[in-house]
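Structure record follows, encoded as structure tokens.
By letter and in written order, the chains are A, B, C and D; residue numbering begins at 1 in each of them.
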Amino acid sequence: MPETAFLDARGEVLRDLPDFAREPETLRALYTAMVRARTFDAKAIALQRTGRLGTYASSLGQEAVSVGVAAAMAEEDVFLPSFREHGGQLWRGVTPEELFLYWGGDERGNDFAGPRQDFPVCVPVAAQFPHAAGVALAMQQTGEGVAVAIGGDGATSKGDFYEALNVVGAWDLPAVFVINNNQWAISMPRTEQTRARTLADKAVAAGLPGEQVDGNDVIAVREATARAIGRARGGEGGTLVECVSYRLGDHTTADDASRYRDDAEVSAHWKEEPLIRLRNHLVAEHGWGKAEEDALLRSCHDEIEAAAERYLATAPQPARAMFAHLYASLPEDVAAQAGEAGDG
Amino acid sequence: MPETAFLDARGEVLRDLPDFAREPETLRALYTAMVRARTFDAKAIALQRTGRLGTYASSLGQEAVSVGVAAAMAEEDVFLPSFREHGGQLWRGVTPEELFLYWGGDERGNDFAGPRQDFPVCVPVAAQFPHAAGVALAMQQTGEGVAVAIGGDGATSKGDFYEALNVVGAWDLPAVFVINNNQWAISMPRTEQTRARTLADKAVAAGLPGEQVDGNDVIAVREATARAIGRARGGEGGTLVECVSYRLGDHTTADDASRYRDDAEVSAHWKEEPLIRLRNHLVAEHGWGKAEEDALLRSCHDEIEAAAERYLATAPQPARAMFAHLYASLPEDVAAQAGEAGDG
Amino acid sequence: MAEHTMIDAIRMALSRALDEDETVILFGQDIGIDGGVFRATNGLMQRFGSGRVRDTPLSETVIAGMCVGAAAHGLRPVAEIQFMGFLYSAIDQLANHAARLRNRTRGRLSCPMVLRAPFGGGIKAPEHHSESMEAMLAHIPGLRVVVPGSPTRAYGLLLAAIRDPDPVVFLEPKRLYRAGGEPVEDTGAALPIEQAEVLQEGDDVTLISWGAMLTEAREAVETLADEGISAELVDLSSLKPIDRATLRASVEKTGRCVIVHEAPLTAGLGAEIAADLAEHCLISLLAPVRRVTGYDTVMPYLRLEASYLPSTDRVLRAVRDVMEFA
Amino acid sequence: MAEHTMIDAIRMALSRALDEDETVILFGQDIGIDGGVFRATNGLMQRFGSGRVRDTPLSETVIAGMCVGAAAHGLRPVAEIQFMGFLYSAIDQLANHAARLRNRTRGRLSCPMVLRAPFGGGIKAPEHHSESMEAMLAHIPGLRVVVPGSPTRAYGLLLAAIRDPDPVVFLEPKRLYRAGGEPVEDTGAALPIEQAEVLQEGDDVTLISWGAMLTEAREAVETLADEGISAELVDLSSLKPIDRATLRASVEKTGRCVIVHEAPLTAGLGAEIAADLAEHCLISLLAPVRRVTGYDTVMPYLRLEASYLPSTDRVLRAVRDVMEFA
């Protein structure tokens, strides 16, 4: 594997750890966040399977990308996630209940109490990159903050991605573009998506630094993202960070990946997934034991279950809510329709 | 200058010439084509200035790009030019009269008798690159031909360019993308358009070979394009060729470049323009003299003047011609409108 | 004969087209081994090879743009856009290039391409997956826009679209993909691409609709029949060009008209039809033409989706309105 | 007072906005030192600096997309698309993002942006430079679309657009840019963004138009006056939302209506207006609403441009038609 990693698949330390990765609390926080994301994921899938959630995109196996990136951000930065970065959203303060609401088909899930400046999930692939350039433009005017957008390997084929990367370069914008290269875009493997040697290489087209890291190593993700954010914050412009992970699940609950990829491939990648290696490291170096693990699993389980309960107990918005935030004030033209919708 | 050149600005040979550039007839043909293009250009501007042509994009100083590229193509290949590649179109067999018609605002100018498979001028910047990928896809099915598209330095910022480049790479399509880097996109200099080190470097994003050549040296342009076309024809896929030239004139007749760039810069580039160096070389090596030069200028002048006369004598299409080629057969829905338009 | 759903019928037509014309080529995201997100191309790559049924990178602009190039150079590309919400990136290539290549070159080059896209709501899909913006496309000169209303129509109209010498956007009402089957014979016969179809004759009022909303329209027609109101139901089918003659004839007969579509009201295609009928059938009209449409707001997420889509009730209310107008 | 052309008025409004609100930022192709291809931003970079008046790379998608991000994060971006024919690449960002960010986030984030674009024909521009596709934009829920009809209206409406809390596409009729001047005072006063303006009162027939076509409409009104026909002329101004109340009131008064626009007929915005009037003013209407529009074909190259654009004659013929209808 050419990309930078600090821990190998079994949790062995490969090179000098960055400072933050020597702090047990930090590592525990990262591990906790990944377990929390995975717990959320499992519950979301369960809800979907029983008809109580909409189509859902699992982040199974990619928790290190999302969490590592978010953990490298400052509170006032802006996160612009794709639809698969639940771990990062949770880290930033979006609640599991809000996420359930969103995936359950309720716009109120995007009105999170947490990071008020963060963008909602971006479903149209790669459109978040131009948004991030715009957020970074606003930040450049005030000198505060960094825009951090994440998209998938597939997203690197969209013109939006490239146009945005180019303007980030041309204008020295404080933006970091992260690629969660989970090696699949629905049924298309990374190798067929593009002939580029790495996705990080695409930064060359914009004259930006590009870096590839092991996306299963949350330390590597956080470290590389933090360096990129640091450069952006210091006025040194943007960076493209490719995190090589693997999509262990189906594309979404509407997908059946067994149609297009071998179980053997998936099994092999289970050996590299991000939680186990950090747990091994915690066990070996920081006295993490069964008690800690059990307590963590239990608390995550309880939190997510309670959030799901609250989500399920939330009544839908009334029909006329579909007009409530169309404009700052509803034009007369549309007001009559709002009335009709309200009447049923 | 980092890019490959065979002749320097004064026409001195810098390195071993490729075979074709040792043949006097070939060099004369290239020179003739560039003079022809420049003659056409001058006439087009004169016609526009006197209200007898529409807005026109001059190719002054970039004749080597257009001609060199076209000269590297086989007859059955497909040329997909931007709006500034008159020299290449003329080389391929489009007549000056047809070009005048097009720039005079008459669709019949695109119905050229010449290379029937070639695309008309592409005005929306960079849209010709996806078309070229599509043409190349058709060619890949039959195993015949190469699609050659040209766009400007500005075009490399459009998503279309990048998406097309990427699919050319992913599918090994027989396409060559040429960038006429004339260093300006209207008022935006190349250096502000992108931070990429070279435009050829953008090929990295698609995993394709990219090459930068001196776009004022028709030999270099032809040689590099021919190699790229050869690879494509041999099933080895696409290439990006950047030709570094300079836009000696205004962007179009609607533009006034003195608003945004120094005369001194333009004057400096006049020393590097493509005709003089080839002429010097022809004089030094191939017995080109005043007589040959005068005869060539005269014949180009006569040809272009005659073409302009014929163009000016061409009556506009009748109003209902605007419906004649909307669909293969005009739907009833629209037929009534065609009638109305015909009536005035 | 076996029953076929609309998605089966579409696959049958694609398969037939690939079979009968070697210049037909399919591409799009996940249409190969995965068979397309709705399985429209299921098995076609296996049967016709990955040279003729190709997975593209995730690039809608180049999907549309490649259609133009490939079509101009001798192929008949049939490309898929995964959902209409992702078709916006293809509009530039459609409007600026596909729709005018023939015109620009005075017929020297042409663009026999089909761009397929599932459209409309009603399947509780994620946001941006339920668009119904057909009116935007119907405004583009030089394009054809076709929407099938049943498996049989899907088969015949898709073949017609593929064989048509001009660019066609073929919008597939995804709510109907598996909504019900009917026998569809794989005869290779195309249906006339420009014609609206009168699905049910009637005397008192004309209902005009297309795509998935034909379901509500049909339900309304049945209920009305019970009430003794004889409604004529027309499936527009060709959204561009519009078969105005058929629509006008129907309204001249019935004197009343309700148009039903899922897209937002304002500048929706219902406006064109209503304006045309009001202008050309004014004498025959006994009541104003009414439109029952999606609201002029963003399609809500799935919890409120049902409140957005025109219901049979809303259709019935509109019909009763025009029936009672005096 | 000095006379100002529309392009002057636009520049005045931009300058005023930059002056009064430091969150206003301008970007687009060639808007800096070159002052924009039509000179709308002439001198503004020199005055406000290249941080607030920025030349972008040649990327329409990212121009629109950056507006969304910048607007959501506290700026008021006012971006320029050089010609409407190049705005298609921005539609995805407009429809999928700008127009729904407020709605999607229940008001948490919003998108106070303006996308300016010259539109329409009549200046013998190259192909793709004369588009008039406003109806496509007017169909997108959550967007505003505004077209000024005079220098005074351009100044006041552009200020209104910039101050509006929601995304506005501001389409500038380029044929009017330098068509004539009038005194425009730089008072900083905005005009109501949603209101149609009655330019001339009349009793016999209502003409509705917008943008450059107001020229032909105005000429027609004058000619009609000579013939003793009193025509009311309404400048629609806000294409989305539509000020239906003003239009209906006018037609209820006059009983006759002709709509004039440059865009193609089918699914043009005239359809929406005609459908609305036919539905809501049926009782008042003494004649069918007529539309005088561009044809449903590709805008021809310059030699035939004049045959494409609706002429005063065509407008007059339509008015006479509706006057004679019985």
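By our rule, a residue touches a chain if its C-beta (ideal position, glycine included) is under 8 Å from a C-beta of that chain, and two chains touch if they have at least 3 such contacts.
From a predicted model like this one, the values you see are computed outputs, not experimental measurements.
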Pair with more cross-chain C-beta pairs in contact, given A-D and B-D: A-D
By CA centroid distance, what chain is farthest from chain D? A
Could you tell me the distance, in whole angstrom, between the mean C-alpha positions of chain A and chain D? 40
What's the distance between the Cα centroids of chain A and chain C, rounded to whole Å? 36
I'd like the Å distance between the centres of chain C and chain D, where a centre is the mean of that chain's Cα atoms. 30
Scan chain D for residues touching two or more other chains and write them down. 57, 59, 61, 85, 89, 92, 96, 103-104, 127-128, 141-142, 241-242, 266, 295-298
Pull out every residue in chain A that's touching 2 or more other chains. 107, 124, 157-160, 163, 166, 170, 192-194, 326, 333-334
So in the complex, the part of chain A that touches chain D is made up of which residues? 78, 80, 107-108, 110-112, 116-117, 119-120, 124, 127, 129-139, 141-142, 147, 159-160, 163-164, 166-167, 170-171, 324-328, 331-334
Could you please specify the touching residues of chain D with respect to chain C in the complex? 61, 85, 88-89, 91-92, 95-96, 99-100, 103-104, 127-128, 133, 135-136, 138-142, 240-242, 263-264, 266-272, 274-276, 278-280, 282, 285, 287-291, 295-298
As the complex stands, chain C meets chain A at residues 29-30, 32-35, 37, 55, 57-61, 85-86, 89, 124-129, 265-266, 295-298, 300-305, 307-308
Which residues, counting only chain D, touch chain A once they are in their complex? 25, 51, 54, 56-57, 59, 61-62, 64-75, 77, 92-93, 96-97, 102-110, 141-142, 144, 164-166, 194, 241-245
Any idea which chain A residues touch chain C in the complex? 54-55, 83, 102, 104-107, 123-126, 154-155, 157-159, 185-188, 192-194, 254-255, 259-260, 316-317, 319, 321-323, 326, 333-334, 337-338, 340-341, 344
